[in-house]
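Each of the next two complexes has chain A plus one more chain, namely chain B in the first and chain C in the second.
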Partner chain A sequence: MRRASRRKFREILISLPSLFWLSLFFIVPTLFVFAIALKPANPFGGIGAGWTWANFRSLANPNSLTVAWRTLWISVVSAAVCIVLAVPIGYYLARVSARWKGVFLMLIIVPFWTNFLIRIFAWKVLLHPEGAVKKGLAFLGLVGSQTSLLYNAGAVVLVTVYTFLPFTILPIYAAAEKFDFQLLEAARDLGARRFQAFIKVFLPGIRRGLVTALLFVFIPALGSYVIPDIVGGPGGEMIGNKIAQRVFVDRSLPQASALSVVLILSVLAPLLAVLVLQRKREKSGSLLSVNR
Partner chain B sequence: MRRSRWPFVLTLAVLFFFYLPILILIVNSFNVSRFESGWQGFSLMWYKRLFHEPEIWRAAKNSLLIAAGATAVSLVIGTTAAIALHRFARSRLQRFHFGLVYTPLVVPEILMGISLLMLFVAAGVELGLLTIFLAHVTFCVSFVAMTVLARLQDFDESIVEAARDLGAGWWETTRRVLLPMLLPGLVAGGLLAFTLSIDDFVITFFVAGPGSTTLPIRVYSMIKHGSPPLINALSTILLVLTFTAVAASQRLSRSRRKGPQ
Partner chain C sequence: MSEFLEFRDVSKRFGAIQAVDSVSLEIRKGEFFSLLGPSGCGKTTMLRLAAGFEYPDAGRVILDGRDITDLPPNKRQVNTIFQSYALFPHLTVWENIAFGLRVARRSKREIETEVEAMLRLIRMSDQAGKKPDQLSGGQKQRVAIARALINKPQVLLLDEPLAALDLKLRQRMLIELDMIHDQVGITFLYVTHDQGEAMSLSDRIAVMDSGRIEQVGSPAEIYEAPRTSFVAAFIGDTNFLEGEVTSLVDAEYCQVRIADIPGVVCFNDKSMKPGNPVYLSIRPEKIHISRDRPEESSRRNILPAVVEDMIYLGSTTKYWMRTHGLRIQVLRQHFRFFLDEKPIRWNDDVWISWHGDDGFMLDRYRAVDEHLIALPPQKVGEPEENGGKP
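Let's look at the complex of A and B:
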């Protein structure tokens, strides 16, 4: 009994620094966001007295709905493009010889040692009316001289894919590494066509990697701020930009908090969905997942 | 069975996509032209110009200072967290603890930035280097904890017990057995914390005050208002520095692995 309580004491003691720090600087601030979202703003950019729903009510206008919808579709499209590109690459990396695997993995990671801002800036330069991509496409006659590649939602999707693609390739590659490729050959021996075998055998086999990869793009994309800020323009604004505007331009912390609450809830939704799905799968037993 | 060639072709295409912007940026940093309108001759003028920008140097100094402090503090907090999570893995407290350490890793940066801003405003803390430091420690702790935890999980617990059996006390076991074995994990976690801190823009942007500019904040305002070739030159320098650091750390870890145990 005494040993057990001493053990408990030691456990609490060694957990204390991180429990304390993260409670104070992670849990408490999150609670503050929820609380301040229900406070009125005062004219000096501070927080007024009393409680109100006004900050949430003011969100129900066509403009914020447009931004919310755009945030959602940009995140969905970016995640989809990342997955479509990352699956064949992960597949290739898992099958290539060990030596080339190392080289390719290195080549994929190296560009991402550069600062995030600098990579976005590089794209701004490329997409600029005088930039290389624009000139190349115009030369090929693919875009007119008046078409702008910069400052629209398409540019945001492009740069989001560029930024998060490595984070989708790596988990898919890790899952593909563990996949038994003989299953693909068995499927083909049983008469499946190559593409059919890929869709019905390989994709379910790397399911876990797919879910991780999807969350690695989708969640940060929902909270995107810098990418739409630099290459998005007014037509590419997302919730993150609105939050920053409320803080730095309108100086209304309560309204920024209300928007943040919306963002927190929309980030939690996919996470909870994945957790619930995983639990269901575990309960239904492993037999089912083999059969599928 | 013949394999399809197009996964290979796609991989090459994506690598081209990854490198194209960075290569163009490096080339342009040596371009005389002020705007990216074609090659107009080689020059180091933008690098020279960079040395006459005192604000960049001040920002770099702030960044280094904050990164060093945040690395040190988050190493201590992150390592104690990892030890707790590892040693008492099945307790209820640790399940909560794990969730608390893990969640900051999946929350979008802007949410962490805005919530810390709300805390500092509500508590009346003046925004500046101190608030940036506190914010950086907060996001670094989780990364350090996960890195050290991974190291702890593939390490042989019986060595610690052997040290105990041979009469080593708690302090001696920690100092002479646990810490040396954890060292690679600590180095990796520390390097990660340092680079995350030096690179962070979004969270810093929300909790920075007037006069507390870090390098990424400086780069951001240059992107917004400044001259592109200067950013190209600065980026190229940062790139070279990162590459040297990573190459050095990889060589270090490789020679350690090859060396006697």
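Let's look at the complex of A and C:
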């Protein structure tokens, strides 16, 4: 056997367990969901016989479009806000002295020690009409006494940003940590203003971290269920809530599956796009690195 | 030529370290000026003060008659070549060179012509589309130079630009840098710890140590007439001899007692009086070795010596001689073998001699600078040399 093919064989052998794991717990269940989505529902909450497109057809109504649109914009806005907040934080973390770096990283990670549900309930308490935040803002005259901070899309964005901010800070920090800050000096030296240097040199320098961070918020946000369920109310409903409704209220697994299929595809699409782009870039890079 | 870039009484402290200690320095227009010193002597801080990356604690930086101390780096007409080159990894060679002009919002056509011209200057027109990580060290270096020069700086600052290159490439880049300096005719401020680089490139050199300037002068002045023991020992190699002036020979020469040698003739440019203590620095290559006693002459010091150690260095051989309890380094060029006498070996009795002009009196002597001088190779099993040997 040639050495190259033997190495390839070994690579496949090594990746077999993870392939098995992925197939068993991800690919097969996903295929189940796809299959169920094409089945009719039976009146007892089970799955009927035969095949049908009806579940997908029933999705084409204005209400589900509204929810899909809301899911999309809440995810986009949350991801954008997270990135906008995480970039300066990541930059600062990479520049601050080692001692403070440890302290700040700790502060970012500490919230994870509290249960996710409890933290969201805490937000409910804070945003409640009798809660501290609402009262404080009303006292300052920033919100009217009738305005509700809870049960709307804004609350969902706020809590989503709160939840996923650490996941965006960490990859951006990791990328910034590897960034050569002398490049910023070089840019300044060549006539760039501070902000220009940041945009033209720092952001491209950490783009890998930015992409990772973006996916870390955007994809979970698309599928979020708990956050809109607790702080969203009817005005903050997302696809995740609709799926839950189909299962628990309507007792229609096929319809829930159809919605899930739409969600899975819309999550996979951006992921695949990024993968393809990266593969393309690596290919063009590796072609030349062979010459070196 | 008048001063162009000027440091006026500049100081900069980092925590407990006084990086630059009230330094005043004037660099002339068009000159290739080097800051030479060991790492941590403050030379890079001086460069960063000129670039605007550091703000001085005290003092001013003047460029072409204008106080630039308060200007940010992007407002200064100076550009820097960084030691690591700091090329933008996400941009191609072409885009790296164009960066300064793009930021300055020059027209597309202008940018194109100037970048192409720069690519020709560094002979890399065919590599314009490559990314920095596909370039060799020398190519990166050239791109860094082009990227800086395209902005037509009044002063080009170079921070150990050759340190990352291997020896042969360094020698080639030295010549290239020199040619570029001649072509563009702008002022170069060059920071290095490598005396060879500084010597071969510079019009003038400032030798720095512990945040202060020890001496400013042409390479020949620095080498031939070092004012302090630091300069003498840091640049090239030397012998330090401690002595006392015993008598004046005439207006120009005096006699110095060194150890138990009574009458060492020495050029007395410092107008020393009898009784004054002096420190002499004698370069190893100025001392002559011979098997037979050289002819007497009134300006010549002749001493018997024993060869204690020697190292063959290729073009030269270095000897450590013992005479009157002193250890003296001598460097000797090789001649064709048939002109050479019987080769000099360990423990041979020989004569060493030097002209009175070659023992140079120092203004200032510090014992620690002795550590900069090369010591003979240690013999196996011999304890660390502590100077207590007879």
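Methods note: the second predicted complex is superposed on the first by the 260 of 292 C-alpha atoms of A that agree within 3 Å, B and C clash if a C-alpha of one lies under 4 Å from a C-alpha of the other, contacts with A are read in each partner's own complex, and residues count from 1 in each chain.
As a working rule, contacts are C-beta pairs under 8 Å (C-beta built on N, C-alpha and C of every residue); 3 or more make two chains touch, one makes a residue touch a chain.
Owing to the predicted nature of the structure, the values given are computational and were not obtained by experimental measurement.
K.L.:
Is A:262 in contact with chain B, with chain C, with both, or with neither (first, second, both, neither)?
P.N.:
neither
K.L.:
Between chain B and chain C, whom does A:201 touch in the aligned arrangement: first, second, both, or neither?
P.N.:
second
K.L.:
Looking at the overlay, what does A:182 touch: chain B (first), chain C (second), both, or neither?
P.N.:
In the superposition, A:182 contacts chain C only.
K.L.:
Taking the superposition as given, does A:33 touch the first partner, chain B, the second, chain C, both, or neither?
P.N.:
The first partner, chain B, only.
K.L.:
After the superposition on A, what does A:113 contact: first (chain B), second (chain C), both or neither?
P.N.:
A:113 contacts chain B only, not chain C.
K.L.:
On the A-aligned overlay, A:191 touches which partner chain: chain B = first, chain C = second, or both, or neither?
P.N.:
The second partner, chain C, only.
K.L.:
Quick one: chain B or chain C, who's touching more of chain A?
P.N.:
B
K.L.:
Which residues of chain A are in contact with chain B in one complex and with chain C in the other?
P.N.:
185, 188, 194
K.L.:
Which stretch or stretches of chain C touch chain A in the complex?
P.N.:
51-53, 72-74, 78-80, 82, 84, 86-90, 99-100, 103-104, 130-131, 134, 147-148, 151
K.L.:
In the complex formed with chain A, which residues of chain B make contact?
P.N.:
Residue positions touching the partner: 1, 3-4, 6-8, 10-11, 14-15, 17-22, 24-25, 28, 35-37, 76-78, 80-81, 83-84, 87-88, 91, 93-94, 97, 100-101, 103-104, 106-112, 114-119, 121-122, 134-135, 137-138, 141-142, 145, 199, 201-202, 206, 216, 219-220, 223, 228, 231, 235, 238-239, 242-243, 246.
K.L.:
For the complex, give me every residue of chain A touching chain C.
P.N.:
The contact residues of chain A facing chain C are 180, 182-183, 185-194, 196, 200-201, 204-205, 207, 285, 288-289, 291-292.
K.L.:
Sort out for me which residues of chain A touch chain B in the complex.
P.N.:
Contact set of chain A toward chain B: 7, 11-12, 14-19, 21-23, 25-30, 32-33, 36, 46-47, 85, 88-89, 91-93, 95-96, 104, 107-108, 110-111, 113-126, 128, 130-132, 162, 165-166, 185, 188, 194, 215, 219-220, 222-226, 230, 240, 243-244, 247, 253, 256-257, 260, 263-264, 267, 271.
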